Every structure is written in C-alpha cells, then in structure tokens.
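Take this structure first; my questions come after.
In this document, chain identifiers A, B, C and D correspond to the written order of the chains, with residue numbering beginning at 1 in each.
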C-alpha cells in the first residue's frame, strides 16, 4: 500500500492496467489471483451479459416497461465487487447489476424486479433495474443521479465511528460527477477520512453527450481527487485484474483507516443509454471488435487462455451453462407474471400495497386514501 | 502570461507573494504599478477599514440590526478590483465591500443600505451589507452562500457568447466552497471556458469552524482547480501587489478567451464573523501585530515607505482625510434615518413598497394583500 | 394551418423566439446536438449554432445558476430540466435566487428566464419520471408557474414565458406530448391531429400568462384543472353526462381568479384536480381560495381529486393516476351533495 | 421542576437521547465545538465527544446526504440546518431520498433521521434568516413535519422525533427560543420563565407526533396555528375578547384531524394562521381539509392570516409579520360574517 502510494500523484491521470495485449498479467498492480477466482469472475461477467441480453429482449417483447444494460462495463462492477468483502456496503447506480450477480443474488429475484411482477420484492414500485437488496449489501437505487454518493460517505462515517470494519463503495457515472452531490461526497469523505471508495464509472457517455460535457477534455475524472487531497487512480475499467487490484488497494486503505479513494474506471457504454434511447442519432455504430479498450470478457478469457489453459470448449460450455440458467430463471420469473402480461389495469400486486412503507405506521390520511382507492377500483370493475 | 503558465501546477499549492518582509516588491509577479496607483489602493483599503469601524460602532449603538467587517481582508477586494476593468462584473459575498469602495461607490449610499433608511436604494429589504449596485458592476448579494458562483459563470458565458470583452469575477469563502454551487461553477467554467475568475477567500474561518472543516488540512483550496483542469493560484491575500498581479494575470487570460482561473486568497478573518458572533467562544484573541501574514494595509504602507517616500505624516493625513469623509458621510446618511431611530413600527420606507418588484407587474393577489396591509396599519394606528 | 403535436408546438415556440431575438439561448442536458430526450429542441442547434443551443453538464443547480447569470447579463435564457423530478437539485437557485433577485436588488436586475420541464405520470416512468412539483413553485413568491394542456396553448404560453421579464417555471405534461389523454390507459393513444387545438400557427403569437381558458362550458359544477387533467376532466364529464364547466388554469401563479369565481358563482359546486400528491398540493390553495371567495354560493364543499400521498408506483401507475373513474365518482358525489 | 427556555429544552432533549442511545449522533454547521449559532447543541460535544457531536462543512446537501447514509447504517442521525432558509440545497436529498427510501426499498431500509432547523421571522434577520418552509415538506409524502411552540413540547416532540424510525423535519420557531411572543414587537421580550410550559422535566418523556394540543379553549371560533403563531393567536383572542379555541397543531403531517374537526364542528368558524407566504402555504391545505370535512358546520368561510407573498423584508419586518392586528381583524371579521 505504501509503495503504491508514492505513485499516487501520477495515477490520477495515468491508466492503471494489468492485462497486456497478449493477455498476460504484468506490472505492480497484478493481483496474483488464483485461477478459480478468475474463472468465477469470468462466470459472473458472462452471467451479467447473458442476463442483460435476455432481459433486453424481454423488454423489446413488451414484457416490461424499460430496461438498461451494462454491456462492456461488466468488469467494473464484477471485478470491483470481488475485491470487496461480502458485507461491505455498496451504493451503486443502475449500471452495476454485476454487484448483485457477483454476490450471488438470485437471477429470478432480479428478473422479478424487472418484470414488476408478483415476485418483485419491491412490489412493483420501482422502475426496472432499480434494484434494492439489503441481503447483498446493495443499497436501493435512486432514479435521481448522484444522491447515493454522500449517502455512501455517511454510511462509511457511521461504520468508522461505530468501530466497524466494513467499508462502503459507491459508483457514479462520468456525467453525474457534475452534480453537487459528488462534490459533497468528496468534501465529506476527505474531511472525515471516511472509509469509502468513490468509483467514477467513465463510460464516456451520458445519454447523448460525451464525457467532454462533464469536463473530460481538460483532465481526467480521477484528477478531481487531487483537489480534495484524496488519492485518485485512473484504471482501465475493461481490465478485470486492474479493477480488482485498484479496488483491493483502496479497500485495504479504507479498512486501515487511511481514508477514501477515488477510482476512475475508464470504460465504454457500448450500446444505447437504455431501451428508451436510440444512440444512432448522436454517435456512430461500433462493433465489439472496435471497443477501444477491448471487450472485458474477451480480455479476461484470453488471460485464462494464456495462463490457465482455458480453451474455447470450456468457454462455450460455461456460456451454455449460464444461458440455460438464465433461461430457466426467466421461465420461473415469468410464472410470477410480467408487466405486459395482462392489461394495464390488471395489477400484479395488491394495489393497496402502495400505501405501505410510506411511513412505519400508516397515518389516517393514507388509510382514508387507501379506502378511497379500493372503492374506486370496485366502481371501475362494476362499470365494465 | 505564457511564462507564468508553466509554473501553474505548483502555483496551486505555493503562495504567490510580491512584498517581502522589508516592504520591497520582488519576483516575477511584481506588477510594477506606478506610485499613484499604489496610493489609491492604500486609500481604498483605509477607507474600507475606517468605514467598517464606524459602521460596526453604529450597530453597537443600536443604529442598525446587523453588521459585518472585512477587517484584515481589505487587500483581497480592493487590490483585486484595481486589476479588473471598471465594467467587469463582480459576484461577491458580503465580505467584499472593498469592491464598491474601489469603484467609487458613495459611502453615503452604502451607509443608507446598512441603516435600511430612506436613502436605501434597496428599500429596507435587505440585511445590512447585502449591497447591490448595478452602476458599480456589483451583483446584489444573497444571504445564501455559494449561489453567486454559478451565476458569475453564466454571466461570463453570456458575455463570451455575445462577443463582449467584459469578464466576471466571483468571490466565495473557504467555508462555502463545500457547497455544490462551487462545484457547479467550476464544472461549467471549465467546460465552457468561461471568462471568469473564481476567487476563494480563505480567511481560515467559517463562523466558528476553521478551514480544516472545509478540507484545508489535506490540500490547498487552489488545488481544487487541478481537478477541473483549470489553472489554480494560491496567493498571499494580505499582499496587495500579489493579489493585483494574480488577478491581472487571470483577467488577461479570461479576456483573451483562455478561460477561467481559480485564485485562492489566503488571509485571515481578524474579528468575529459578524456582530451576531462572539469569537472568544471558539478561538483565542489575536492582536493585529500577530496576524500571520501581516496587516495588508501596513504592508502596502511599508512598501510605499520604502519605494516612494510615503512617510507617517502623509499616512496620518490620509487617515484623517478619510476619517473626516466617513464622518461626514455618516452624518449625511443618518439624516435619512437609521433603523433604531424610531420604534419598530415607524418604517423608513413606504411599507407598501415591499410588494413592488416581486414581479414586473403586480398580480392581483399582491394588489389585494397590499390593500389589506394598508387597512391593517390604519387599524393599528386607530387602536393606539 | 399547420397541425402540430405538443412537442412540435413547443419546438416551434423556441424557433420563433430564437429567430426574432438573438438574445435567446437554449440549453440543458441532451438538449443541443440530440435535441432533448423528448425532442422538444430538435433541430435548433443545427439552425442556430452551438453558441445559442447547447448541451450542459448534468447539474441542474448549475444549469439554473448559470441561467440566472445569463439572464442577469441580458440574455433570454431558456433552460430545460430533463424531468421535473430532477428539478430539486436546482431548487435553491430557483427559490432563493431566481424568484428573489428582482426584489432584493430593487429592480436593478430582472431575470428573463424560462425553466421548462416535462412533468406528470402516465408513461410508466416510475417514481422519478412522473412527479408533479408545481405546488412547490406556487409557494415561491416571484415565480410564475405555467402548465399548458394542448399544442396551441403550449406554443403561445411558451412564447409568452420566454418574453416575460420574470422567471417562469414551464411544466409540460409529458403524457400528452403526443396526444390528448382521456384517462383511459387501456385505450390506444389518440394523436393530436384530431384535436382542434393541434392547429398551430407557424409564426409568433402569445397567450397571456395568468389567464385561464374554459375548456368545456357547463353550468352544474366547475372543475379546475391544468395539464393532462384537463382532458381527463372533459372525458369524465362526458362519460357521466354531467354538465361540468372545465376551467383550464394554464397559469397557476398568478391565477385567473376572475375566471374561477365567475364559474363557481354560476355553478355553486367546484372540483379541483391534480396529479400531484394531495397533501400540500396546489389543490389545497385552490379549494381555500374558492371557499374564501365564493362561500355563500357553494352548495357543497370544494372537492379534490389528486394523486395519492405516496411515491408514484411504477407498475401500479394506473391505480395511482387520478383517472376518469376517480374523477367521475367525485363529480357524481359532488352533484349529489 | 426545572425551568427551561426553548433552547435549553431542546438541548436537554439531545442530551437525554444521547445518554440513552449510543447510536444518536449530532452534527451540522457550527454545531460541535461552538454548540450551534443558537446554542441548541451547546455542551454536547464536550460531554459525548467529537465522534458523536461534530461540525460539518457548509453543504446542506452533504449534511443530509451523509445523514441518510448514517441512518441507513443504523445510527440515529440528528442534523441541524443552521437556518431553514438554507435547507433548499438539501431539498433533493430530503424529498427525493429521505422521504422515499423506506418505500422504494419496500422497507429494507428505514431512516431514523431528524433534521432540525430554526425557522420564522421576528428577529430582523432579513429575507434569508426568516423563512417558513413547512409547506414544502408537508407536500412530500414520507416526511413528518413537526413545529413546537413552547419548551415542554419542544423537548417532548424532539425526543419523539429522534426516536421515530422515519425522517422528521423539526422546525424551531426562533423568535420564541428565548420567550413567548405575543405579536407586539414594541413590547419588551417576556422570558419563558413566567410561562407554565417552561416547566420541563429533566429526564425522558415524549409527546406523540401527530397529536395537536388545545392551547386555549373557546367556543366561538377555532384558530389553527403552530409555532410562534400560537402565541399571537392567544394574545389576539384575549385582546379582542373573543372566545376562540386555539389549536396548536404541533405536527402538521400527519395532522391531528380529529382535534381539528372536533373543534370546528363545535365553533362553526375557523381561522388558519401561518407566517409563511400565503399562496401555496400550508394554510391552503388546512382550509381545504376543514371545508371538506366540516362544510355543513361552517357559518363562514375558513379564513387565513399569513405572511404576504413577498420575500420577508428586513426593515419592514413588522409590516410583514402576521401579528396581533392582522389576526385580531380577521377574528373580528370572521365572527361578524
């Protein structure tokens, strides 16, 4: 940790890499992980990709209202999570389903959320992919960008002042770093030396605007760290080993009470922002082969090829196993309904459940409104 | 400009000074100003100090509700303003009355604002020292910290896109840099290369908290600039020549369309935050002789001593002239009333004026409320 | 006469203003090159250049803060907040600054500033793409808050807002961007083209801020509504066969109190509608005003139909939305009491 | 029984909670070493240490954002916003986050979080040290909003707020920190010591959130008030010799609707008071509710007395404040109609 700290100033504008073009792990940041760990990472990244591919198609088939992929960014969430302890807390954005996958969340559970169906633990309240899973240390996603950052810092402050060793990791997109909340998070993290990792996922796009509109033409996002006196590291986000290693370094620092780290994960949003977006209106089409940093899955696969005899047959078998798991999960999830399954007035959830959890105990005005709603629904039915 | 730009990286954590301990102007940042310009600066700084001293006492005598000094920080506002063009726009905080003084605003006008009296152009609407003066390129002060920063950037963006050569300068306290607005200002300034100077007045205190609570223990405030790819300069804020020179450099840069500069002005809030504050509860008393960077007025005076034969007699005469001007102004201002002059219900302003300027044309509900208020005041009088 | 949907009409309002007044500038997240996520500013950057139409960083507080500075400089700033659910980071700049600068500087500065933002539900946007925050701005003295309900009004009101020398919040009911909505989610979306208010002149015209319109005349009950709810009100009255007068407020502050009083004095009954959560919503203000000013004409209490006091639930959207059933029941009850 | 002013009572509430529950943490601008600009947290850092009582950077959004994180961790977070005029930078964290996290996570996380802030005018604080933003929070489903009017209630309500598992906005009427205020600015300030509600037990007790108190019983008219206005209401009724029942709401959401209905059914008349600007203020909600629920008992429209729809003007403060004259006139008019 100390040795690497001396490089700190440059790290904010450099690009930390471990995997070279031949798939070899090189340099000081090589985390020297055992093969099983690498295979598991690969499996989790593939799971995310296959899962998202299917759910994207499900949305296109009208089975839910909205979907959004992390295609090309799988290493960011998966490898980062592998470097955290299982009970470290995460405050992600919508683009890190890899955290849930890496922590073993059931795919059915995630799909039910996407379908807002009877199995959705969030009771149909949230837009697809706005997961919440306390069991997996995954804070409920907000649709509002940036808000999770100071929350993560507060959680980390609370952990530190409680003498707990758990740390927090938060994620924010390149675009959202322009929000005041990002600044608040950095100031508070610095001032209280909070045990937190602030991950800036620079996928180079914020809907239709390239990262220059967020300031990337002038310096790196990791350089923001310098202004707060926080270590900042710019990492190749498509290099799972580099992501792992930088995260591990930051996590150890935080756990040893040396304070926060800002990690910029340089990657690429390969597809549109979401199913509501058509990127052909603002940028040229790219094929996976052209991804500037390479496909993170291919790169890890190549590494396993070179170092552990991972061959195409095993890779294909893994893909097949995952695909079949995903397919099974989807079937199970769809048994519990999907949004497009009935008409819009055929609700998967007890409608009155929307009044639950507004407060711990329901106040009179919500009780009244709930009754009014039920009467209204009855009237609607009797009209038909 | 180019020569100095090469030093930029270090400037954010260094301390730019011109005046040495013997009062000589040394080094690359010496602005080489003619004596008359220096004497005028001295006069403006002295005016601020004498003016504030009297107004502070007026508040203590019950002539107004509130007051706040810039004691020890006179060089920041005065020397900075001298380096700007007269029609450059400023977006200050409450602690830069020196801008108005340096731009020749009448002291009576300022006093009337402080007294909220009949002469107050702001019609008694604003807390004392929350001046506004379009004629002097001085944007109306907000009580809410930090908001002026992105406004200044927007003004500068507008100037640039209109092909105007005027630039904007804004000021923010060390404490208030923690606000999201500061971050927004920096991001927008960087992205649009706005012709703006963002001055961070690090007077080491924010009411009762020292600048460490805003992050100063980890790095300088000027270092924030690095994270945005903006040049940042840390300047001895009690060295009028250094303040002048850094401002001039930044202003030329901005006017030449090279974009924004962040200047940290390191100084000291010598007294309490305001008349509502008792600093003895949170920090030891200091005498002027102990000010870490020296009294900015003494330092400029010494420089004139050494380089222009400015002697104690001339200095005393200048003080006397200013004191008498301030006294005369005060007498004139008080002829127009002061807050404590009558009872609290004896208003210096047409009370119905509070309904003006809420909108360009008064809507019906304000017309009705104004009538109701007048009826109420009549009833109050007839009760007595 | 050209036929436009609401997006086209709003786009045309921008175009007309930018053409006439070189001081107009348009900006916001994804507003420039892309033309806005709802395409309201499509084509403007190409036509007027990147200096006058540009993308901003994702920082609503920065957008409004910079817009205030631009307006203080003398430009006419037109800012888009991508969804009104995301206007809160700009709340301080709006209520502490934009709303107050004319007053606190005693008129030294005024702010020709329009903040546009899509609002409301009905598109399965979940809790952060469905909110109706109008009441918050109505409570901020100095702000004008405008909500159109059809293409013709949208264009005329937006031009009036842009030309106003005061800051205006301009909330666009996103559910009816592409067609009026009768409150029946199960029916196919009707396009604007069949609606008379889709006839929108190409050129410049304004609809005065602070003036309501009678969207449906009637004599038995007055319905106060704005945005999407105007259409729901009309459908509900038609369906129930109730002779309701539907007043489309168009501007909620300043309010067209004369139109309201005139109608309520005539009908003696009043129903107030909005999609926003009920408690503390603008319906409270409307109900309060109506009973203060028309009490002795009222034959029944002023009733409110609103969204529930919960976040807008994604999949349960159509149990949340105050649709034709809720409005119809309220109308019937009001006429029975 | 100890006699306390409101500041002492609030300080004692903190002390009691911190003593009982090691999970309580207190923070805000100038809150730690200095003990707060109004001294509400004086002595706490010394007693409980810098880990549990600390100063924060000047960033209200950061304060509330971090507080949410702390509460999500499991602490009981007690944050001070120095003046409620400065709560707007935290508005997004409050309404988009604090208010919604229990709901959006279906109860996976709840937030034991209290945000205290002095509000209201009457101290020549000018437009940014005088505001009353309660209506904004009342419109945010998920928030509880509490406003005490005397030392005894302040302590009991604050302990209840701190012990609540939901986020609470706790607004403290700064004008009556040091003594009750009858609406006569020309009179010397009366200290709390002469007021019965200044008798405050040293130890733990709570006043339930959502329950009003009858501050003055009467039978001719019901006055709904909270904070400073409770005292103005009592004085005005006394001065006018009107048999008014003054209800101190104490919590505005959830509201004690039974207490309100009970009183209005009895008196048949209702006056609603607040210091906040009128349009869109919480008075609108109150008036709407009262006429919805007690219409056929009302002999006159529900009336409102409020601050004007302008910024709070520094030197004209006492023409702005809804004092005894404005309230007195309204009471008389209400009884005459």
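Everything below uses one rule, namely that a contact is a pair of C-beta atoms (placed from the backbone, for glycine too) under 8 Å apart; a residue touches a chain by one contact, two chains touch by 3 or more.
Small disclaimer: the values here were computed from a predicted structure and weren't measured.
**Q** Going by average Cα coordinates, which chain is farthest removed from chain D?
**A** A
**Q** If I compare contact pairs by residue number, which of A-D, B-C or B-D overlaps with A-C on over half of them?
**A** B-D
**Q** Can you compute the centre-to-centre distance for chain A and chain B, using the mean CA position of each chain? Integer Å is fine.
**A** One centre to the other, that is 45 Å.
**Q** Quick one: report the Å distance separating chain A from chain D, using the average Cα coordinate of each chain.
**A** One centre to the other, that is 40 Å.
**Q** Take the average of all CA coordinates in chain C, do the same for chain D, and state the distance between these two points in whole angstrom.
**A** For chain C versus chain D, the centre distance works out to 32 Å.
**Q** With centres defined as the mean C-alpha position, give me the chain B-chain D separation in Å.
**A** 35
**Q** Among the residues of chain C, pick out those that touch two or more other chains and give their numbers.
**A** Counting only residues that touch two or more other chains, chain C contributes 56-57, 59, 61-62, 85, 88-89, 92, 96, 100, 103-104, 127-128, 141-142, 253, 279, 309-311.
**Q** Which chain A residues sit where two or more other chains touch them?
**A** 123, 125-126, 130, 142, 144, 178-181, 183-184, 187, 191, 213-215, 358, 365, in rising order.
**Q** Where on chain C is chain D touching in the complex?
**A** Within the complex, chain C contacts chain D at residues 61, 85, 88-89, 91-92, 95-96, 100, 103-104, 127-128, 135-136, 138-142, 253, 276-277, 279-289, 291-293, 295, 298, 300-304, 309-311.
**Q** What residues of chain D sit close enough to touch chain B in their complex?
**A** Touching chain B from chain D are residues 29-30, 33-34, 37, 55-62, 85-86, 88-89, 124-129, 185-186, 278-279, 308-311, 313-320, 325-326, 329.
**Q** Note which residues of chain A are touching chain C in the complex, please.
**A** 65-66, 116, 120, 123-128, 130, 142-146, 175-176, 178-181, 206-209, 213-215, 276-277, 281-282, 339, 343-345, 347-349, 351, 353-355, 358, 365-366, 369, 372-373, 375-377, 379-380, 383
**Q** Touching chain B in the complex: which residues of chain A?
**A** Listed in rising order, the residues of chain A that touch chain B are 178-184, 187, 190-191, 212-215, 217-219, 223-230.
**Q** Applying the document's contact rule, which stretches of chain A touch chain D when the two form their complex?
**A** Contacts found on chain A: 89, 91, 121-123, 125-126, 130, 132-134, 139-140, 142, 144, 147, 149-159, 161-162, 168, 180-181, 183-185, 187-188, 191, 356-360, 363-365.
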